[in-house]
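What follows is a group of structures, each given as structure tokens.
The two complexes that follow have chain A in common; it is paired with chain B in the first and with chain C in the second.
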Partner chain A sequence: MSVVAQLLVNAITLGLIYVLVSLGFNIVFGIMDVINFAHGMFVMWGGFLVFSLAVGAGLGFVPALVLATVTVGVGGLLIERGVLRRVVGRPAAGLVITLGLSIMMQNIALAVFGPDPRAVPLPVDGAVDVFGVVLPAQRLLVAGVALVALGLLYVFLMRTNAGRALRAVAQDPEAAALQGVDRNRMYALSFGLGTALAGLAGALMGPLLSVNLGMGDDPLLKAFVVVVIGGLGSISGTAAAGMLLGLLDSTTQYFVGAGAADLVAFGAMVVFLLVRPQGLFGSTEERS
Partner chain B sequence: MEIWASTSQRRHTALVGVVAVGLLALLYPIVVLLSGREGTYYLHVTILVLLYAGTAVGLNLPIKMGYLPVGQAAFMAIGAYTSALATRSLGVPIPVGFVLASLSAGLVALAFGRVVLRLRGTYFVLGTFAFGEVVRLIAVSQQSVLGGAEGISGLPTLTYAPGILAFTPRQTREILFYYCALLLVVVACTVVWVTYRSSVGHILDALRMDLRLAESQGLNTVAFRLYAFVVSAMLAGPAGAMLVHYLAFVNPQMFTSVASVNLLMMNVIGGSSSMLGPLVGALLIAPLPEVLRGADAVVAQILYGGLIVAVMLAWPTGIVGALQAVLHRARWRRASRPGEPRLTGETVAGESATPGS
Partner chain C sequence: MAVQRSGRAARTRGLLIGALASLLLLGAVACSAIPTAGGGGPTTLKIGVSGPLTGPNADWGLSMRGPLEMAAEEIQQQGGVDVGGKKVNFQIVMYDDKFAPADAATVVNRLISQDGIPIIFGPTTGAAVEATMPIIKENNALQLHSGFGTTLVNPNFPGSFRITLTPPEYCSDWYQWVKANRASVKRVALMGPNDVVGRGSVEPCEPAVKAAGLTSESFYYERSMTDFTPVLTRVLAGQPDAIDLTGAAPAEAANIVKQLSQMGFKGLTMKSGGSAIAAIAQVAGPAANGHLYFEQVADTTDKVQKFYADFKKRYNANPEAFAPVYHDALLWLAAAMNKAGSTDAPKVRDTLEKLPFDGPYVGKTQWGRGAEYGIAHQMVGAGHVVEWQGGAGKVVGEFNVDPK
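So, the complex of A and B:
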């Protein structure tokens, strides 16, 4: 029983982190049609910023988390303004530019923070008894924060004008422009939001695993899988596929080994692309 | 009249240029090795550059038709493992291993291309990316034959017992692999050049500009798309095989998505609208992992990343594309002097790598 519960909590925390990373990736893709190869670097910067703020500056974990997320988002906003806006509609250039950005961001982090992995302490420790099942408190905190963030994101996308405008551009950029949606502002918003989500995911991953220069690489690869299985541009699909991948990852890791999980994930990605490219819940309307 | 004269004159200059470059390329390893103690290192880097250049030139074929493959390293891996197993277990001579590498990569591309080429734009990018990861992960997880993450070491390498001139065995090996890699580049350039000069090149352009329109004209677009995809893989396969026989070991780490993305970058940064682009791109990008090694390379790496961004912002058509535009403008100006026939404004190719629709 406790093994199952443990496994389930691990799957859920991992799944939530995948959802955060992939949603950010998917929002940027849906609005700007850019495959952001630098997305993993925003995850890594989120981790290092939460380390600097919580350990270096001595802030509490939650304020450090919020500040790190906002900082990464603002950084993303500036990068969109300065660079990415100019390559919207040119996929090859977008791909290469985000790659250049990723090389820059990784090496700037190396210069600023050094090559060593860092540990971020969490304010809680030990185990919590939930309805007779003993669960690790740290993972519950991380899962709780992720859920709150996803809830806020949901309300933003569904209930605010800016969120509706964002979804309108994702569905049909021209129709949205005709309704008076400023496309450039939506590019900025989507990239800021997408990178902030990556930063938050990194800030949450840091305490659970460790903060290091390569910590964003694996979540980026997983985001590719999640986005394809969930459907490019689909929010509910991303959430479902992210949780599914978290479950698959933590169970195969426990029973078989890490390599097997990746093989299944990327195999599933190829099959989905060929058989159901619109993803789990996507409509059959063609997108390209 | 003057325009025609200048065109044939340019042809003549081009021919002289090709012959001169060819002679230089043939003598290069001898000259470099005799030039000093650093020679072996330069030759080593040159071999890597040539192998990536051959693969990158081949990759230009699918890019020309508007497809961006981000899994080309997988075909290098397939060729590399095929040749490694064939030479080690079956005792096949290494040059035959290179041919087998090309065939195996081509066969896999034929099978995978039939399905993945149905995807367009970003979906194709993601499909080839996933394929690259699957191939790499199979190599990582297969222990008994492929050697898992450690790969296979002690692969047979090219040797020439009597030695070449007075060079050491190591230098002899490098000279041999240099000529292999050079041959690969020459074959790649010839195949791609002949393709682009023929009507197939125009058909690939048509596929990039409007796939549906090309289809509606009765073209068997599936066959042409497969041709470009399979030929690019058949050039990547032997490049991978040469790489691993040269280094005498193979492991999955040599063929990650980073290698695939670098191959694409060589095309886009160099300029994907011509064959010269990937050659220039490979010359600039392939040596970097060797040059930018060690802890003090951080600043250089940051500058490198910044340079990629700057080149893409300043020259959307890549380095060669930008130079072509400059040359074209100059020629246009010269030709449109009063009293001379005007050159029609041949459009400079837009970003050829952009998939249509």
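So, the complex of A and C:
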């Protein structure tokens, strides 16, 4: 029972991190048609910023988490305004530019923070006894914060005018523009939101793992898998696929071995591309 | 809920797959040159270095470049090396190999063919060393590397020497020490990345653990992994008394020690393959107390501490444990040039392989392990078992690696 519970907690925490990273990736992709190769670097910057604010500046973890998320989002917004807006609708150009951005962002982080990995302390430690099952308190806290963030994102997208406008641009930019939606503002908002989600994921990963220059690489690769399985541009599909991948990762590593986890993840991606290319919740008309 | 127009799904899906393929092939990005200071005497000889200077393993590259530059400056301050009656200083020329085999091969080719530098330090990861050894051989060049892997000291590649001790050379000594000094340890979990480095570290330790009368189980993970909790859940299910992160890179080892603590592991953690203690202590904090690690050069003496402090002051980063070895290896190379009376790579190689050395940090050392590898191009000397306690390391064991 203890092992099963441990596996479930692993799967949920891992899945929530995947969901946060992949949602940001998918929102940017869905609205701007930009495959953001630098997405993993926004994850890494979220980690380093939460470290700098929580440890360097002495703020508590929660204020540091909020500030780091906002800072990464604002940074993303500025990058969109300064660079990416010029290539919206030109996916190949966006791909090359974000690849360059990725290398630049990693090397700037190397120059600013140095090559050493960093640790971010959490306000909780130890384990929590839940119905006789001992679970790590830090993972429960991170899972809780991630769930709250996803809830807020859902409310934003579904219940606010800006969220509706974002979805409208995603579905039909011309029709949205005729209704008075400023597309450029929506592009900036989507990139800011997408990168803020990546920053939040990095800030949450920091205390659980460590903050280092390569911490965004694996989540970026997994985001590709999640987006294909969940469906391009599908928010609910991304959430479901992220949790599914977390479960697959966790159980495969336990029952088969760590080396098999990537095999299963990318194998699942290939199977989806062949059998259900529209993803879990994509519409069948996309096939045509 | 959807945030993408359905009409472009097929096109964008194709693009997404293309992008993923490109991401997986990212290692092909062009190398960036980092020329470094040095030289300045009557004759300046360029020494090449292939190592990572960007990305998550940049600290390893800095721990190659820094000590070589420091040693080159010391030589310059002493007026240079006497080579056949002429004074020679060294200039270190390093290119970023990104810790990747393809990039390392490009770097070594560039150093030899474009820059005309046939004496090269590095790479420092096994797969990259493996990719460069044929180039070294083809060009009759000389290579001093620090890659882990049982095939990286090889009679088919006589131009390549390994300057760091790796687990196959001292695993038996290490586990005999553990058996004698940590009585509670009966079951050991060996962990490493699923590549030439990890397998080259874990597999040689398996018989050594058995020979010491202990039992072991081996676990591998993928290099890209950041959250080790799932694989650690599997490791802990075997109820090990000790977990040896023998082939783990610093950031990996640090994450694992921290996550083991979060999961309530109370046993012994150790890293028989190299140190990584700076990263482990930084990330794991108090959980690193009691952690055992291997150091070729024990960092507990004043002399080594000063070297580390100088390095940190100059490069604003903690040096890896192998940094003093690179420092001494350049002095060793200089001694070989002095004795050979030449800087010609084949002549230096022939002299170097017969030349014992007494380095300021590594102490008495020589080339050995000919019986094991078929060629005596493995540096052998002292090794130390160090225990991390209360923010500092303490040498708790020492052994001399058998040169045969």
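Going forward, the second predicted complex is superposed on the first by the 286 of 288 C-alpha atoms of A that agree within 3 Å, B and C clash if a C-alpha of one lies under 4 Å from a C-alpha of the other, contacts with A are read in each partner's own complex, and residues count from 1 in each chain.
In this text, a contact is a pair of C-beta atoms (placed from the backbone, for glycine too) under 8 Å apart; a residue touches a chain by one contact, two chains touch by 3 or more.
This one's a predicted model, so the numbers in the text were calculated from it and none came from an experiment.
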Once chain A from each complex is brought into register, does chain C clash with chain B or fit beside it? clash
Which holds for A:S52: it touches chain B only (first), chain C only (second), both, or neither? neither
For A:L274, is the partner it touches chain B (first), chain C (second), both, or none of the two (neither)? first
Looking at the overlay, what does A:D172 touch: chain B (first), chain C (second), both, or neither? second
A:N10 in the overlay: touching chain B, chain C, both, or neither? Say first, second, both or neither. second
Taking the superposition on A as described, I'd like to know which of chain B and chain C A:T195 touches: first, second, both or neither. neither
With the two complexes superposed on chain A, say which partner A:N107 touches: chain B (first), chain C (second), both, or neither. both
Determine, under the contact definition given at the top, whether A:L208 touches first (chain B), second (chain C), both, or neither. second
Let me test your reading of the model: by the given contact rule, A:D249 touches which partner, first (chain B), second (chain C), both or neither? second
On the A-aligned overlay, A:R90 touches which partner chain: chain B = first, chain C = second, or both, or neither? first
Which partner, once the models are overlaid, touches more of chain A's residues, chain C or chain B? C
Set intersection of chain A contacts, chain C complex versus chain B complex: 29, 33, 35, 37, 91-92, 95, 99, 103, 106-107, 110, 115, 221, 224, 227-228, 232, 259, 262, 273, 277
Can you tell me which positions in chain C touch chain A when the two form their complex? 1-6, 8-10, 12-13, 15-17, 19-20, 22-24, 26, 29, 54-59, 62, 194, 219-222, 224-227, 229-231, 233-234, 237, 250-251, 254-255, 258-259, 262-264, 278-279, 282-285, 316-318
In their shared complex, at which residues does chain A touch chain C? 3, 6-7, 10, 13-14, 17, 26-27, 29-31, 33, 35, 37, 91-92, 95, 99, 103, 106-107, 110, 114-119, 121, 127, 134, 136, 138-139, 157-158, 166-167, 170-173, 205, 208-210, 212-215, 217-221, 224, 227-228, 231-236, 249-255, 257-259, 261-262, 273, 277-278, 281-283, 285-286
In the complex, chain B residues that touch chain A: 63, 68, 70, 115-116, 118-123, 125-127, 129-131, 133-134, 137-138, 140-141, 257, 261, 264-265, 268-269, 272, 295, 298-299, 301-302, 304-309, 312-313, 316, 351, 353-355, 357
Which part of chain A faces chain B closely enough to touch in the complex? 29, 33, 35, 37, 83, 86-87, 89-93, 95-97, 99-108, 110-111, 115, 221, 224-225, 227-228, 232, 259-260, 262-263, 266-267, 269-270, 273-274, 277, 288
